[in-house]
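Look for subunit A in each of the two complexes below; its partner is subunit B in the first and subunit C in the second.
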Partner chain A sequence: MPPTTPPAVAVARTRENTVDPVLEVTSLSAGLVKGSTVQPILTDVNLQLGAGQTLGIVGESGSGKSMTGLAVMGLLPKGVTVTGGSIRFRGTELADLAEADYCRLRGKDIAMVFQDSLTALNPTRTIGRQVAEPAELHLGLGRAAALSRATELLGLVGVPRPAERLAAYPHELSGGLRQRVMIAMALVCEPSLLIADEPTTALDVTIQAQILELLDDLRGQLGMAMMLITHDMGVVAGHTERVGVMYGGSIVETADTARLFQRTRHPYTAALLGSIPRLDSDRSVELDSIPGAPPELGDHRVGCSFADRCTRAQPRCREQTPELDLADPEHAFACWNPEPETAPAAAGPVPIELSVRTDASAPLVSSVPAASSVPAAWSVTSSPPVIELRELRKEYPLGRRLLPGREVRTVKAVSGVSLQVRAGETFGLVGESGCGKSTLGRMVVALEDASAGAVLLEGSDLSRMSRTELRRRRRDLQLMFQDSFDSLDPHLTVSESLAEPLEIQRQGSAADRTERVGQLLDEIGLPRSAASRYPHELSGGQRQRVGLARALALNPKVIVADEPVSALDVSIRSQILNLMRRTQREHGTTYIVISHDLTVVRYIADRIGVMYLGVLVETGTSDEVYDTPAHPYTAGLIAAIPVPDPRVAREKERALVRGELPSPVDPPSGCRFRTRCPLAQDRCAEVEPPLREFGGTHQAACHFPLIDPVA
Partner chain B sequence: MGSYVLKRLGTSLVVILGVTFVSFALLHIISPSPGRTVLGLEASPEAVAAFNTENGYDRPFLLQYGSYLWKLLHFDLGYSYKLNQSVVDLFGQNAGRTAVLVSVSLIIALFIAVPLGIAQAVKRNSIMDYTVTTVAFTTYAMPSFFLGMVLIEVFSLRLGIFPAQASQSTSPWVVFTDPVSMALPVLSLVAITVALYSRYQRSAALDELVADYVRVGRAKGLTMNQVVRRHVVRNALLPLISLIGMTLPLVLAGNLVIEQVFNYPGLGLLFYKSLESQDYPVLLAYALVTGVLTVIGNFAADVALTFADPRIKLR
Partner chain C sequence: MIVEDNAMPASTPENSLPEPAPATRPEAPPAAALLPKPDPRSPGGWRGVAHSFAESKLGLIGAAILLLAVGFCYLGPLFYRTDQLSVDVLNSFLPPGGGYPLGTDDQGFDVLGRIMLGGQASLEIGLLAALIATVIGTLYGAIAGLAGGVLDSVMMRIVDILMSVPFLFIVLIVATRFSSTVLSLSLVLGLFAWLMPARLVRGEVLVLRTREFVIAVKGMGGSRWRTISRHLVPNALGVIVVNVTFQVADAILAVATLGFLGFGLYFPQTDWGGQLSGGVSHLLDGYWWLIYPVAICLIGVVMALNFVGDALRDAVDVRLRRR
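Then we have the complex of A and B:
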């Protein structure tokens, strides 16, 4: 793969091309037509995009960012139509283009990549046929020629052995590979504009970093313009030249990426940036959070749509709608009372560097200081462990054994994890999807039996408890789920959901339980009137609050929270994280927070465990692990996090952890990470590295750690 | 694949054995003394006892069941004393006619229901969709004998286009040789089947139309029609494969009423007459055949699905 274009050059080229933009959207409005009324969805959207340039469109769900992309594609959902403005693409007006002409344009000159999902590709057609389809359609190629073009493109997007993959079906590929296939499909006809709508949202950080890099490279190679639609400020910071921030169907602020981040003017952009937990956030301070929830798509009111959640709102904001002031094309924002113009803020954190030495005998030196110099912010080692895992294992058999003597293959989800979590502590468990972290969490709350090893709750082994004993002790072990919509029974009201654990554990009279439900609602910040609501009547953030309240209902000793904020919008995420920390302080609950999002874990956890393919590769306080990672995998994961600061993001090296998670059916010998490790030596394949001490509570399992072990 | 087929054949045999046991036990409870049924109410108790002894009907239940199984293994489904013929012969004469009638109707129904259901899904909530849905529900909710009578009233008695009675020919191919006289039975069967299948096809296609690959296909530059033809149709047909497998015996059962209404000499009419004359060996055999068809239908559908859907692997 060719090296990335240095940012400076990219910006320079951008300036040249803004003279003749590939895409120019002017005062675009779209709405849902209902009889004679039109419910506005997009209001007065203005965009410009030059060849070779990447424009980031960032916003929360319902902000209209995807609708903007779909409007350009002419693929607005049924009932939604463009009500005004113009979309000019290379001189052609698209807003009133005939459908037949649009079909000739789509997939050829303008292509789109969507978020990866299992149904993003047709499940019953081979990859080859699907990638070749636009070539057959637009370039008039025959089947064979189109397939060879597909092979070429699959190679270009980094699919290994592309010719062999032509006959594969989508379900046979991993999420990362499927997304590469989607990109190949979009690029077959070498479009001049690529719209990428949340292209990496469903992927792990390590894969996300690789895909974003790939898109950057391809944009340079093909000289395309790219519209990158995302909710992630970090992605925008590192991969775009210009940003449009959307809220309530309008662009509220747009500027050069660097300028937008450093001299933020719109209160929404500022609040959004403030609510993102970052690796360098001060953990003792609560995250800024934006009260309330973003408006639903199509909600429309007089005045600024952000006014209700804005700390700088004035009476005027509720009466008059601010318009994007295009007087300064370099930086435009729609606000009556913008943030004061500031000088650029102080520099962000120093990115971690990973130095690669081929000489096995020499100790590896990293640019970061040794662990001993970092003071431990938290010390809870004095209290006894509430939860202790001893050599915990979980293996799932693949199918049943039909003939005696034949070995049954197993998925090794968790392979010997030992750790202790102390009372009042928050232990964060991170790792890529498929690393076994959720299985581990389910074993801790006794929803899954261990294949070997033990889970001890205050010293007593869960697997040795009698049925009745375990049933009684379950009140101490509660689980909080990711998807609050699926985890709340749609037929139960909030109060029924909250009272159910109390009923099952036979706690208190009916009146006591009603009182407890009221208390819980007060605690999580929902009005008592919410008790009679059904889950579908609540917003995502409110449902997740109910999910937390349900976990808290029995005053458990331990709450395992599996991806508690992953399904939520950025501005809601910080509300829930703050709430979780507040309730923990009040009750002294022990949390085990499982997440793929390292910034979330960094913010909420006192100690952290990094899992890779069923084993714990590194543990320590969050400062120890994040500031001085010892394991190359941890360092790679941290490096892959998109940082919401363009200066840091631009300086970042290319993805350190390459490739994808190997199969947990046949994990690699020795160190499981060696197949993806830039530092791997022969020894890594032969000997499984034990956990070694790195000072304080810091432990890591690596033969060639990035910092020196203690003794 | 091979070991899967073996395993499925094994379990199928167990299910069929279960069917034989239950139906035999039921028959034994309803008619513990076949001699009385065969010889009539006037026969002396001695004659009845002699008949039962001679034919082994006085032996213990399990022994009788054992010899029933033994006969089954030799393709002996019993003897109809009412019709003085072996059940195998009776079935041989009638099954062909039913099979042809059912298959022809099923194929015609599929050719109508599949495009209809897909068209409904694509143009959902249109007047066409509502009309077809209303008609389909009405037809489906209507008892089949009533539907048959309505068709006779309209096409035969009023319009006089088709005869009210089906052809009495003994040839199994009568549907092709005498289409006019077979029009009404075929029409009723098709109507009932289309009503059911088009509903399934509509909802299966709706599930596929919301899948992300439809939008991806549009983004490639395909027209909506092209997306439907190239991508949606095949996926929307998959759930129908299981449905066809499952309704195979149902079509036979629904056919029972239709054959009776139009007096078409097939398996259904034979069953109906046997029911009236309490011809138990025939009824038992009919129950068994239905059970076997259910098993075969499901098995065939599962195997067919593995060819149609690359996601399904047999283990």
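Then we have the complex of A and C:
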């Protein structure tokens, strides 16, 4: 190891363990066999993993990261076979192991945690039986002994009152608890290798932080090796010692985590890091974005698979496939024209992308200054609100009322939210799933009726409008959906989908509409030939562009974007976020952006509202809220965000917000956050805290705020 | 797909697009400039369904068999003329050979010609009954699914009740009361077979109603009628069309059952079921030509319909699920 590497603990551990790796994957290739042809899916994958170490595999969808995990588990999908290379696990060759021998290994020595705990657990069996099953199978324990082992494990993974939960069925548990059960199931036999495939992707940030912390602790306690497969650079930075970055079915760069983030060599890794919005990134500058879309799995071509999207690409990159140069096992990358090696940046909270950008000769997609409108947007405080919510409430009845007079229990999705959004402003709404933010968004665009309170569009109450009036006014209120596949009719072409709002609102002649569709396509950066395409013929990012174009078609005053980039790959997100900001500048549209992702909201929003269990707990400009959070919940949320910088991530405090969201059927009395709040006192249970002023536009509802209120 | 590759600005390498002009054309982001290459095997819309269907070997075989069967039953009699009206007892039970390629039956009718005639009846009744069932079922299911609430519950309980009535029993009673013609048999079968499509379409409508593109139409101010005609119907059509093929197969079998039990068409009209029934009564006499040819035709057509239905279902599913 070169002496220049910072002597981090993690690195020292690497050196010890390279002597005797638990898992060693050498030039592994796998492909889909179709008759006599083989469609390559993994090419030349090299990995090493020592005991007690965590290896992060990062990549976007289709990069082959999950396939790598499945290959090690011997669980490749039907038709896909290992075509070359070796997988050595503690000296045993797995690549050609007989299925019967694999069965003895799986669940005992190698275990896996899947992403979706609802489908990975058997819904018809109790969790006790499911956790006990591997112990019965592999350890030969009797039913009772296995169950007591299961209880022990459930306690270890932090399931409260484990003995009582043994008889519970998976659907009776929350997502976070189910994920813990899956981890317990994987750990019953104390495996020496745990493969976690996107273990926290389906979870909220506060739960994610807890689960990752748990996995870290358990790895230390049990001394096992862990392979953490994820798309999130932040997760990797905080929880791994070594990282393999995958793209197009191969490892393009692998190094110690600290080194990979500080001295990134592969242009893909560099571009990926540059395109992630961060809490401390400069909002006046557009995000870097990687053009195009990642290749699909099995979409093989000659040369470097990243060449088409790479700013450093040379003719050679399209002709010869670069191989992972293993000369320096500490830092290997597959690139003909890597980023120049930079000296490790001085310690301190210097964002990584600076080290990438210092290379002025080849900027990764120019960082266009986002014009002066961003600071200007906030000078519009005096302009009248476009959207005003007054004590807005939404309650859904649980079940039907059969007998008159009987009290019907309700889910309190939104409980009295008041706020104003001004013209040209972007209001970001954040909160965990189930906090009512999507319901609120749908009420703003009149797709849900309010149970009480009012939504005012330019001063007029939506619920008081006649049907025809409302129908006409809908042109000013548009919704942009999360899932661009579901929000576009699969039977309509792009031009038909884009023309539909114009037809409905009877705008222009057929020729005008065709022209408008063309304009819209120009605006969102799709070629006009895309008009005749069907949604499934576009990539995810392109579909989301069409979704945005459809929302823009009527030139609405307000666009509510519900998780606009959550379904997209990391490298595509920044494209869409930049596009949303650009179109807003040009049209002066007001945005309400709903997201669980605080970094996304931080980047795009001028003002932010934090929701918890149906109430707005804090609101203010994004600087006010992120720099000096007043509510403990906001502070906890911010602390839970994985930061794509190992130096920052490792110094982070442990998760601040513990536990899970209480049921919205019976929300806690007083302050709704008190059950999870580290600062809660008796008063919090008795009095519901009102919104208090914290200077400027900053308001928060807390009895014991983290900063002092004004007056 | 109609889109030509040269129609897009593919000549410009996409990564060179963004560099020079920071603010002049901010509306032309580089990122999505290149569309994925259209997959020539999977164009969109109904053409795509046709393409996917064509990829299924069994589906093509099924379609070929059906085409052959229709040609045989309807064009056959033009080239192979036989008398299917007057009984000819002297020439009954003749084995295949001579002037009778498939022999003659107990009434002295030429079997080959009779299969053609019976096939016409079977195919007609099958198709007609399936259409009746599909139209009624689709409307009923769509109304229930769209209305929701109490009306939906009541309508679907009615379906549940009708489902539990022994179908054959009722059909037999009806068939004895009314003269059996192609039309009346189709009506009777169709009126009993609409329950399945009703359930199917209701389920489909319930799923489609919550899809985001349907919600989006509401958000644009689109009317209910527009939602139904432009989005719900085209998207449910695939499922409905697929169901028609299975319905035809079911109706042909049902009419064969009726014919076999002696409640089919009146003499001298016939259908495949009636012919089978006639053949079975002489099974022990060794008159195999009364059984096998017609049975092969019946099984072949029903099987072909199922092949076509399966292939169509896969093709339609691909359209909905290719993600």
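Here is the rule we go by: the second predicted complex is superposed on the first by the 660 of 711 C-alpha atoms of A that agree within 3 Å, B and C clash if a C-alpha of one lies under 4 Å from a C-alpha of the other, contacts with A are read in each partner's own complex, and residues count from 1 in each chain.
In this text, contacts are C-beta pairs under 8 Å (C-beta built on N, C-alpha and C of every residue); 3 or more make two chains touch, one makes a residue touch a chain.
Keep in mind the model is a prediction, meaning the values are calculated, not measured.
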Subunit B and subunit C placed together on subunit A: clash or fit? clash
Q.
Looking at A:48, would you say it contacts subunit B, subunit C, both, or neither? Reply first, second, both or neither.
A. neither
Note to self: Under the stated touch criterion, which partner chain does A:104 make contact with: subunit B (first), subunit C (second), both, or neither?
What the structure shows: first
**OP:** Return first, second, both or neither, reflecting whether A:599 touches subunit B, subunit C, both chains, or no partner chain.
**Re:** neither
Open item on the list: Quick one: is A:119 in contact with subunit B, with subunit C, with both, or with neither? Answer first, second, both or neither.
Closed with: first
First, second, both or neither for A:500, with subunit B first and subunit C second = second
Checklist entry - Should A:291 be classified as contacting the first partner (subunit B), the second (subunit C), both, or neither? => result second
Open item on the list: With both complexes overlaid on chain A, does A:75 touch subunit B (first), subunit C (second), both or neither?
Closed with: first
Subunit A contact check, subunit B vs subunit C, more residues touched by chain C
After superposition on chain A, the subunit A residues reached by both subunit B and subunit C are none
As the complex stands, subunit A meets subunit C at residues 289-293, 308-311, 313, 365-366, 368-369, 371, 445-447, 470-472, 474-475, 477-479, 481, 483, 485-491, 493, 500-501, 504-505, 522-527, 529-530, 532-539, 541-542, 545, 550, 554, 572, 575, 578-579, 582, 585-586
So, in the complex, the side of subunit B touching subunit A is made of residues 3, 7, 211-213, 215-223, 230-231, 234-235, 238, 308-311, 315
The answer for subunit A against subunit B in the complex is residues 73, 75, 99-100, 103-108, 111-112, 114, 117, 119-125, 133-134, 137-138, 169, 171, 182, 185-186, 399, 402
Subunit C residues touching subunit A in their complex are 1-4, 7-9, 14-15, 17-19, 22-23, 26-36, 38-39, 42-45, 48, 211-213, 215-223, 226, 230-231, 234-235, 319-320, 322-323
